[in-house]
Structure formats: structure tokens, C-alpha cells
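Chain lettering (A, B, C and D) follows the sequence in which the chains are written, and residue indices restart at 1 in each chain.
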Amino acid sequence: MDLSGVFAPLPTPFDEQDRVDTARFSKAIARWVTTPLAGFVVLGSNGEAVLMDDFESDRVIVAAREAVPRGRTLIIGTGRESTQAAIKASKRAAEHGADFVLVRTPGFFKNQMTSDAFVRHYTAVADASPVPVLLYNFTALTGVNLQPPAVATLAKHPNIVGMKESGGDVAVIADLVNGTPKGWNVLAGTTGTFYAALCVGAIGGILAVACVLPDACVRLFKLTNAGRHDEARELQRQLMPITRLLGNVHGVPGLKAALRIAGYDVGVPRPPLAPLGDAAMDSIRAALDAFSNVTTTA
Amino acid sequence: MDLSGVFAPLPTPFDEQDRVDTARFSKAIARWVTTPLAGFVVLGSNGEAVLMDDFESDRVIVAAREAVPRGRTLIIGTGRESTQAAIKASKRAAEHGADFVLVRTPGFFKNQMTSDAFVRHYTAVADASPVPVLLYNFTALTGVNLQPPAVATLAKHPNIVGMKESGGDVAVIADLVNGTPKGWNVLAGTTGTFYAALCVGAIGGILAVACVLPDACVRLFKLTNAGRHDEARELQRQLMPITRLLGNVHGVPGLKAALRIAGYDVGVPRPPLAPLGDAAMDSIRAALDAFSNVTTTA
Amino acid sequence: MDLSGVFAPLPTPFDEQDRVDTARFSKAIARWVTTPLAGFVVLGSNGEAVLMDDFESDRVIVAAREAVPRGRTLIIGTGRESTQAAIKASKRAAEHGADFVLVRTPGFFKNQMTSDAFVRHYTAVADASPVPVLLYNFTALTGVNLQPPAVATLAKHPNIVGMKESGGDVAVIADLVNGTPKGWNVLAGTTGTFYAALCVGAIGGILAVACVLPDACVRLFKLTNAGRHDEARELQRQLMPITRLLGNVHGVPGLKAALRIAGYDVGVPRPPLAPLGDAAMDSIRAALDAFSNVTTTA
Amino acid sequence: MDLSGVFAPLPTPFDEQDRVDTARFSKAIARWVTTPLAGFVVLGSNGEAVLMDDFESDRVIVAAREAVPRGRTLIIGTGRESTQAAIKASKRAAEHGADFVLVRTPGFFKNQMTSDAFVRHYTAVADASPVPVLLYNFTALTGVNLQPPAVATLAKHPNIVGMKESGGDVAVIADLVNGTPKGWNVLAGTTGTFYAALCVGAIGGILAVACVLPDACVRLFKLTNAGRHDEARELQRQLMPITRLLGNVHGVPGLKAALRIAGYDVGVPRPPLAPLGDAAMDSIRAALDAFSNVTTTA
């Protein structure tokens, strides 16, 4: 049940006709599997899951499980707006080989998404899911907030074993760690505060940048755990420019562009998302080159 | 193509086992059809569309079209996060008898939802939809904003004939009216500013309160159009308490509770939404009674 | 006590050495007095009051009262962060001839600025002020919100006779009107929604644009009151481009630039505010010319 | 010029007649001087500076300098909305013995407070100030944001030697550290993320909680610097409940209540702020007791 380490939230490849392309996905995963990443998240926010239907989702899960060897953790995103849809998706994911499901908060009916509503929703999902459940809070995208007190309540459920918190507020990470049992898995979702999140007790991270720079992210994790804070802080600093470009600035199109530059073929984003223009592509290439130069020299 | 008047965004009935209940829906529509409402929106935000799958959606559209006579406008909500899903949903809705489709903005990938992205998305949907398209902006729920300049561009598309703006900012309604051709249909989505929206040029409204108090909403529309501003202002004032309770305060569960009080059977909300508690129910009953008393006396 | 009509919130002239210039102020007021404006606000937000000390404020009040004839309403801004400072400023303003004081909410300690705190603050100021008090809510600048229920309470105080609400939310204007006694003075502070605010019951407005285009603003007021809604709506529409430039876009420096173009000499803004650059100046000139052309032709 | 360590932002005592009480202030400072705090901030946000006039401010500075021995750092808050007022206040503070001035961003005219405006403002203040200047960003209270690139520019000025960043976003602290020269003083202003801020390179902190628990805050600083991260993290965790109560929840009234419980006599807050009620007082007492128990036992 230990989820320590760095996980990559994989993008879903679409081809030029806007179809899911599992062949490209299998090939890319085969390369990611050679890195020291602890495991993978499929159909998360970076996986454009909200742009896909359930048939496509199933195909992607099956392809991922075939490409990710047993023993390497595979987490499947199964968040849906309705409780019954989240349950169905979690059951299908489990059937197809998910080790964990990562369930983003519902967020459409914002005023009604109280802590009580979240506790009811996640309890129902966890009661029904054949595999352990990870909570998932991403306020910047959902507009709702699963707060530490509700998480403390949910952490008592035997089938809810951890959480991804995608906000950059390190005080919240600390609250989540302090409010849940020792060994409960609090995972950071923001690369830009990964070092600080580890300092305050996160057990690991699910980091978009880890798709592109898996070795660096794992090194940052290990340096911090080894108490080599000066080196960790410096590595975190070096990661900031590319982190920004792949985060708020360019999002999923930025991640797909960076992966193309890094030699992964993950196709194009699905409309209404659009591929990055040349200027943006150049800025990402420059940031990757700069990172590569500084770390090679060091 | 004229969409003047008041439209009701109907709730979708679910039974106590969390299943879509089209029998209840048909029966409720039969009663709404006897009111002076100009038409109906099915599978909008109030219809809990985001909590339903595509099979359920189709059944609800079919049931609605059977219950709403031809000649009475039926608008179907077909907003989806991906462009291709919005197109498919619009085609299905048209096939099942929709007069118009109402397409809410995608909103998950907030930073990428630029005006350009919206123009691409809606152009693709309008190119493909067999029936005319209405734009739909609801920033409070989606966290993104389809702004007047992008609307002015989209209004030139021959298959985009109007818009529902759910924000309460009357200056925005005025901008939408001023930026689009005469006769293009700007519809208000907020009951609390309906009178003011009509003053600045909205042609009508899609109003949750109109499900519960159709006659009053239609009277407000007619008084304003007749230049009887003092009476309109007074009626708008009388509508405020119930409007607040059905809007921000209690949302869909509030609407379903108010309809039950008014004698409509539309079942329960779908989880994670929950039925209203007794105290909230009482506050709605009191607001409806107060409205009834003041208007009966007058 | 009747505050119906249009009031102009006058800018304070500073000279090129960053000193208050009352000579320029007197000369400009002499021209404003020839317009049909109902009166003037001095030392409001547009008057850069927060950039001035108490000595300068007194000089400006004295100069204004000399230039504004008795019988023409003179309102002085006396908002301060502390209750005792607001009281002192109100007493000084009254001594120097203010007809009313306009008291902006304190706003620095945001979490503590509850409705109770506002009621205590304004009650103390109104108890002590020799002249009637107007409340003043400007959430966009203060970050706090004086809400309709607190206003309804404060409206019972015999020395609190009205309010300026600077937000553009017309539903709030309606709530303020509906929650206060008939004849209590609700004044709109946003030119862009002035027509709509009058529709829902505002008695008048304090409008930055009225410094530059007093005749047009007064005409808008009269057309609406005369029930000539189509003409009012059209005039409101014509005012929008210049309204936007003087509001959010360019603020006080924009207002001073527009006045210079219109032949008023009100000097430069006080640092850290800076005079407008040439491009911005040109855009304001173009908007004023466009407005002038369209209204002359009509 | 080294500002490492923990500084306390002292509250200003007011008596029951709402007058500044420098006698109480001197007595309280005499006790604070016996603690291991690196120094003191007077007339900051916690000092209710915005509620005081310039005469009162001068008296408080004089009293503070008399009570704080030379060699112990005394920082005076001199932020004002206008550039010339900030300059005058900084000169007066220097004359009365300030070692540094802490200059909060102007924030009233939000749309005009661009990076350029901040650079002009701070450059003018730093050019004129006889003592070194610290920048001060507190977005939650001012509604404006002095961002890392502008700080990087300003850090080149020889008389601008550091900054207090009161936001809790640790990534911003890291950006400030990374964008300024080694040895430039980045000080955290939020107790709840103090440990994390030190991890990413802050040199110290100006912490409200340090008024009440100076020894604990200094211990947290020393543990972190000594690489004893587990103990630091645990102490940070223990400080959270009281930190929350003194921060967002109860603000200045909470700080004054906590100090009364701790045996300091700092009078009452100035209206419109109000003293804490009994229930809030009890919650603070309980949090202080809990902290005392856990640290005594340990």
C-alpha cells in the first residue's frame, strides 16, 4: 500500500483524426517503464479523461495494464460528476487491472459540494470499489475544495488509502499529513512545490514534469529524503522554468509538446484543446535545453 | 427563429433507486404545457445533465419531445467538454426532435479556454449540428467566461442564433445585445436580474423559477414589454426571496423541493446531490406562500 | 434631502511638483457649475483622497465650497480606516460647508469588517457628524462588502440618508432600494449600468463620466425618468466605450486625460499614479470624438 | 544588514478612550526585549498603523526606540498610499531611530498598481530614505501583488535590502530567493508556512505568533537551520492551532487577546476593530494551553 516516490500522470495519445491511439500509448509506456518512476497515473487530468467517453477509457486502461508490468503501480483516474458513474468507472478500472483508483471530486454543482456531500460521495465509491481509493483535490480546475477535516474523516475508511492534492499551498499539505494516520499516503500534485511538500511530510508526488524528466524528479525525491536539502533546493530551483511552462502556462498541450521534443510520440491534444504554436514550442525547447545543460555541467 | 418569452429549464426526475424516471417526467411536462411558457429546456444545468450518461440523455429527450407538442419550442442541452462529444450529442438531440441545442462552454482546462478555443469549438459544433445552436455561458459553474467579443464573432455563423448568459451582470447582457445583429436572441439565465436584463435588451429568459411560477415569470416579461415599468419592478421585487432560495442557496435540490410543494412530482436529486432537509424545505414553502399571498391580494 | 440626479466625482488637481493646486480646481469648478449636474463630490475615490493628507484635504474642501454656490449640492468624501478619523474628517468637512459627507467603508482588516463592525462604525460617525451621512460601498477597491441587510439597519439612523453603491450588480441596487424606506437615496456609482440601475429604483448617480460628459449623463437620467426607454438604452450604449476607458482600464489617470482633452485643466495624477501615455490618450480622444459624432448626428 | 532570525510585529496599545498608550507599550517592549527575538517591527499591519495619524505614529516610534536597545534591530512600518507620504514617513522614522523601514505596497488604485508603478514608487522611496528599505507584499490585505520579477529589479537598488512576503505560497518565497542576490533578505510573514519558507531559502520571518510565543518561534528557526527537520516539522505542527486563531480567524483582536492571556498589557484594538468576545478568548486560551502542555511534556 506504500505509495512513496514519484508517479507520472500520463497523457493519452490522440491521432490526427481525433481518435484514441493505443498503439502510440503502448510504445510510449514501454519507454517510461525503463525509468525509475514508482508508477503511473492513467486517465487523470493530464490524460484528458474528461474529453473521452467510457469506451475509449476502457481501451486506454487495458492498453496501459498490458504495458505496465505487475508490480509497477498503475493508478487509474475514475472521477465522475455522479456518484454512480464514479462507482461504475472504478469497477471497470479494477476489472482491467488498476492497482488503485484516483477519484477527483465532483465539482459542477459548486454550492452543493459541501464536506458532507464529499464524505457521502467518497464513502459510496470506496464501499463499492474493488481496489483502494485515492482522493483527488484540484481546486484550480474544479472550483471546489476537499478540505483537510473532510479528508481526516475519509481517511478512516479502510478502502481510502491516500490523496493527491494538486494545490500549491504547502500549509494544506502539512494539514493533510497531520490530520491523517501515519502511513496514509499524501501525494503532492504540483511540481513547483514538490520539495517543500516533501519537507512537510508528503510521501511522494504525481507530477506532470515527471513524464518529461523522470530522472530529475526521482533525484529530487531521493535528495530530500536523504536530508541533502541544499542539493534538493537547487534542483527544485532548476526545475522551475520548465515546470511553469508545463503547468499554468501551456497545460496539456505543453506537456504533449515537451514529450515530442523529448522523443515521445503522444500525438495531439483533443479539441477544443489545440497543439502548441511554434513560439510556445520554442520556449519549451529552450527551457528543456537549459535544464539539460545545467544538470549535465553539475 | 424568434426566442422571445420565458423558457423553463426542466429538472430531470430520478426515482428513489437513482434511476431516470421518464414516466414522472412525461406527467410533469403535461402540466407545464398548460402554462403560458414559450418553451422548455431539457438537459440543462438544472436538468442535472452532467450527472447522466448518454443513454439516459437520449431517453429523456425522447420523452420530452413526446410530451412537448410541435410548435412549442424544445431546447436540448448538449454541452460536453470535447468538441466531438458536443457534436455527437447535438446530432442525437436533433434526431430526437430538438428545435434548438443549447451548448454550454467546455470549462475543465480553464487556462486553455481562450476566445480562440471557444470560437473553434462552437464553429465546429454549429457546422455539424442539424438544428440551430444557442451558446451558453455560466461562469459561476464553469469557471470560464465566453465574452461579448467572441460572441460577436460567433453570431455571424448562420447556425448560431442566440445565447443564454447566466451571469447576473446586466452590463454584460447589454454588451451582448449591442455586439450582435438585431434579432439575434440574447436570453437571460438569472431570474434575479430578469427585469433589468429585459430593460437593456434581452429578448427573453431561461429561468429556473419559471418551472415553479410560470405565470408570474411570463407576467413579468409582458409587463416590461408593455412599458409598465413600475408594476414590473414591483413583481421582480416580490420574486426575489424565492429566487434566492432556488438559486445560489439551494440549487437543484431546492428546485425539486419547490416543485414538490407546488404539486409536481420530479423525484429526488442524483447523488452526490442530496434532497433538501426539513428546515430548508420549510423556508422554501414560506417563500412560496408569501409570494402567493402578496400576488393574490394585489 | 433629495439627492435625485447626476453628480460628478471631481478629480483633485496636482501640479507638476506634486502639490495640490486649488487655483486650477476653482477654475475647473467654475465651468462644471454651468452644467446641469445636480451637484459634486469632492475627495472621493476619483479625487485621489487616499493620496492626500488632512491639511491638503481641508484646503480642497474650502476651495470647493467657495466655487460651488449654496443651493448646489456639495458632498465631501470623509472615509477613513479608523472610526475616530472618519468622525474628525466629517466634522471638518461640515465646518467647511459640506452639505453631505460620503463615508467609504474601512477595508484594511478585511476579515474583521463584518456587518456588525460596519454598523458600529457608521452609527458612531452618523451620531457625531453635523451633516447627513451617505454610506459608500466600493468592493472592487476595498475588498470588503457592505451588504443590503446592514444597509437596511443603518438606513433607520436619522442622520444616514443614502448610499453610493459602486458595484455594477444591478440586483444589489434593487436589494438596496427594496430594503430601505421610500425616499432613501440609493445612488449608482457605475456609469456602465446607470440606465439599468435607474430602472430598478436608483434615485441618481455619482458618475466619473459625468465630469467629462455632464450633459449626456443628465440626459440619460431624464430620458429614463420620462419613460423614454428606447432612447435611454441607446444613449447608454453610446456611452459604453468612453465609460470603459475611464473606468477599469485607465482609472484616475484616464479621467484626468479625458478632462484635459475636453478643455479642463486638472493637472496630473499624484504618484504612484502616473499620467497616461500617448497611445492611451489617443484611445480616449477617439472614444470622445466618436461619442460626439454620433450624438451630434442624432 | 543581516536580517536572519525571527522578528515580532508588535501591536500598538490603545487605552479604553481610544488613545495611543505609549506607557503600556514601553512596559511590554521591556519584556519582549528579554526574549531571544532578533528584533521588532513597529507600525506594521499588526500595529494597526492604518488606523493611526502621523502624530501618533511619531510618538510610537520614539517610545519604541527608547525601549529597544541599539544593537537590537528596530524596523518601522512606513507604507503609505502616496509616494510622497511614504517618503516623509520614512524620513521621520529614520530621524527617530529606525534601523530599517518596511514599506507596504500602495494598494488602493488596484488596476494602476502595475510592476512599473511599484518600481517607480519604491525607487523614489529608497532614493530618499536615510535608512535601508524593506519591501512588503501582503496581497490578502491590499489586493495587489508585488511579484518576483519586479522584486528582482528592485533588489538591485543599493538601499533596498530585503522584503517581507506575507503570502503563504512557498513557491513565491522560492522565486524571491532565486531571483535576488545571495544575502538579500527574504523574510516570511506567515507563521503557518514558516518552516517550509525556511526550507526554500527564507532568511527569517516577521511572525505575529512570535509576539506571543517568541521562544517557540526562535526554536523553530534554529532547528531548521541545524538540519533537525523532523523536530522542526513537529514544532511547526504544534504551532498550527494557535497560528490559525491569530491569523485569518481573529487577526489583531486575536493577537491582543492572546497577549493579554500571556500577561502582556497591550490594551484594546481601535474601532472599527473590536475586542474579542468571551468564546473567542476561550478558544485562544485553550490553544495556548494545549501548546504549552505538549511542549512542556516533550
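As a convention for this text, contacts are C-beta pairs under 8 Å (C-beta built on N, C-alpha and C of every residue); 3 or more make two chains touch, one makes a residue touch a chain.
Just so you know, these numbers come straight off a predicted model, no measurement behind them.
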Dist(centroid_CA(chain A), centroid_CA(chain B)) in Å evaluates to 35
When centres are defined as mean Cα positions, the distance from chain A to chain C in whole Å is 50
Touching two or more other chains in chain A are residues none
Contact graph of the chains (line, ring, star, complete, other): ring
Here the pairs of chains that touch are A-B, A-D, B-C, C-D
Seen from chain C, its contact residues with chain B in the complex are 168-171, 174-175, 178, 190, 192-193, 195-196, 199-201, 227, 229, 233, 236-237, 240
Seen from chain A, its contact residues with chain B in the complex are 18, 45, 50-54, 81-85, 106, 108-113, 116-118, 120-121, 124, 140-141, 143, 248-249, 251-253, 270-274
